[in-house]
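This report refers to the structure that appears directly beneath it.
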Amino acid sequence: MGKNRLEAFSDGVIAIIITIMVLELKVPHGDTLGVLAPLASVFMSYILSFIYIGIYWNNHHHMIHACKRVTGGILWANLHLLFWLSLFPFVTGWMGENHFAAIPSALYGGVLLAAAIAYWILQQTIIAAQGVDSPLKAAIGTDWKGKLSPVLYALAILSTFFWPWVAQALYVAVALLWLVPDRRIEKSLRSDGT
Amino acid sequence: MGKNRLEAFSDGVIAIIITIMVLELKVPHGDTLGVLAPLASVFMSYILSFIYIGIYWNNHHHMIHACKRVTGGILWANLHLLFWLSLFPFVTGWMGENHFAAIPSALYGGVLLAAAIAYWILQQTIIAAQGVDSPLKAAIGTDWKGKLSPVLYALAILSTFFWPWVAQALYVAVALLWLVPDRRIEKSLRSDGT
Amino acid sequence: MGKNRLEAFSDGVIAIIITIMVLELKVPHGDTLGVLAPLASVFMSYILSFIYIGIYWNNHHHMIHACKRVTGGILWANLHLLFWLSLFPFVTGWMGENHFAAIPSALYGGVLLAAAIAYWILQQTIIAAQGVDSPLKAAIGTDWKGKLSPVLYALAILSTFFWPWVAQALYVAVALLWLVPDRRIEKSLRSDGT
Amino acid sequence: MGKNRLEAFSDGVIAIIITIMVLELKVPHGDTLGVLAPLASVFMSYILSFIYIGIYWNNHHHMIHACKRVTGGILWANLHLLFWLSLFPFVTGWMGENHFAAIPSALYGGVLLAAAIAYWILQQTIIAAQGVDSPLKAAIGTDWKGKLSPVLYALAILSTFFWPWVAQALYVAVALLWLVPDRRIEKSLRSDGT
């Protein structure tokens, strides 16, 4: 399978996820500023998830760029990642509508954690398919961001039961960590002349 | 008609189907774990359908890859397949919300069966268009999976009236059967140097 | 503007329209065959609209295929067509939920008529941009289907006030008329070696 | 990052936004013309937003066409623009359902203003990345439309509190201003032989 179709399909699914998330922002009844107030937390969780999906789209692109051949394993590891990303609209809406309450925030973190693990599985699957001289393995280096994020998500999930806002702070912190595009892969690929 | 646009359009429709299915997972009221419980069966049916749509996307790609020229007949056979796939969100939601009750499970199987028949019609239409030396015909070989699946779907539909859970087991079994990508076509095409 | 992006954007919009139409088929409460009965007319109108959107996608492809250069006028004529197509989910749902009652059926016909006119405007805009030797003009020939369809839609709209089912019969008849892909353009283009 | 994927992703998101907006046009209960009447303002706001999204798609295409290399900054400036565009369905629905009342109309103008600023930021980011000989900078010239629009949006927002219909007139006026595709960039690029 050519990687173009994998890329196009993933782009399509990610574009739909990022856009249908806004449907959780239900049009309120009434025409006053007051009716918008209860939507503030839904809106804030929408912004957070929009950034996360943007980060996944960006990093996914860099990763697939470093992958020449698509195997069956890569294809299913990719669908597994898309599955967890597809749950973003649900958990974003639930967390937002409940004003960042403990359990919805923990579930949000659970989906973030699952997506991070799915991303890592996809990465390892590509590296395994590329063999010993894997350009992706060379490109990601120590992958400290990829290793730190799941730990922070787990801490955030735990913290929802004690200080719910620490969880939100951690979700924002991890997003900021990734907001910078992964220059390592870009750099490594550029030095290869690709 | 070039096959690229057929492929792009099919990918778009399949990407939308797989993503809007999650909209049947309605955000519940309340912020406790208890409000999630009734969603468990919707979530399980979502996972099952996600895998099925993934399988169709994968196999569809391999089939179209083996098709060089798109005729009007192929185009409409393809739209016919997309029609049945487009009913997945509806039957998935209905089966999930009714906790795998008999009639919704039978209808789910009916759509699976119709999609399998539509897939077979598309396959035969491509083979007919390719003529005697059809590479697709050579590639699919005995097509035992394609012949067995409809039989298992029919058995599952019947079983919903006696032992509903047998139907679910059969749906999962057929999914597992197909989860392995169709290596026959891949192999056959690779030996052709394409 | 290259025609590729126009084609990709139109494909995307049409793929979304054809798929979100199914969201009008609301998952019913209850798990009996009886709860499906009221959905029968929604389902039938969904089939009809699915075929119409499929026809538009197919014919649109052939038309854009015969168009080499995209002008600002073509772009807006195309968006105008997409606008009317985007109303299909609404009128399909309204007609279906009201069991093909007179006024919803007339509005359905009105959108069909407007889409046909928008298609004709797009066609004329492309022909005008191509100048005297327009390959599209040569390809469509007498365009009897394009001329007959709006007349039949208008008749159908009128008939909704006397015999509503005549309108449905006419909608089905026009769909059957177009179901055969437009071989004239295909043939004409092929003889040009494109 | 190649600009093709940026373009394809943006096209996907814009195609979804323009299409899901129609979901705010809820299918009414009843089969009389009377039940459509309350939808008139939702329909009018849908037309307005459809044109705006069409304008953004068109101008976005011309801008990206003049951009050869995509940096991380361009990517995030582009996602920032898509974020504001993704709010169109919400504000369109809210303004339409409240018959162009003051506060929903002001919020609509606020999203128009934010999108215009996001577009300007994206433009400046591309120009900065291109350096002193930026073809985009040369192409946009004085950019009087880009400078006038935010001023008119701000005036419209203010006017909602005194004469709400002036705001609507201004929104229509700015749309008409942009409806003509940006020939400057097209012209400039053509003279470069691109």
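Residue numbering begins at 1 within each chain, and the chains themselves are lettered A, B, C and D in the order written.
Here is the rule we go by: a contact is a pair of C-beta atoms (placed from the backbone, for glycine too) under 8 Å apart; a residue touches a chain by one contact, two chains touch by 3 or more.
For clarity, every value in this text was computed on a predicted model and none was experimentally measured.
Undergrad: What chains touch chain B and also chain C?
TA: A chain counts here if it touches both chain B and chain C, and no chain qualifies.
Undergrad: What's the call on chain A versus chain B, same or different interface residues, using the half cut on shared numbers?
TA: Comparing the two copies, chain A and chain B contact each other through largely different residue numbers, since under half are shared.
Undergrad: Determine how many degrees of rotation, between 0 and 180 and to the nearest 5, align the Cα atoms of chain A with the equivalent atoms in chain D.
TA: The best-fit rotation has an angle of 90 degrees.
Undergrad: Of all the other chains, whose mean CA position lies farthest from chain B?
TA: Of all chains, D has its centre farthest from that of chain B.
Undergrad: Chain A to chain B: how many Å between their CA centres?
TA: The mean C-alpha positions of chain A and chain B differ by 27 Å.
Undergrad: Just the number, please: Cα centre separation of chain A and chain C in whole Å.
TA: 38
Undergrad: Spell out, as numbers or ranges, the residues of chain B touching 2 or more other chains.
TA: Within chain B, the residues that touch at least two other chains are 8, 12, 16, 20, 23.
Undergrad: Quick check: in the complex, which residue numbers of chain D touch chain A?
TA: Listed in rising order, the residues are 1, 5, 8-9, 12-13, 16-17, 20, 23-24, 72, 75-76, 79, 82-83, 86-87, 89-90, 93-94, 97-98, 101-104, 107.
Undergrad: Please give the residue numbers of chain B that touch chain A in the complex, ascending.
TA: Residue positions touching the partner: 7-8, 11-12, 14-16, 18-20, 22-23, 25, 27-33, 36, 47, 50, 54, 57-58, 61-62, 65, 179-181, 183, 186.
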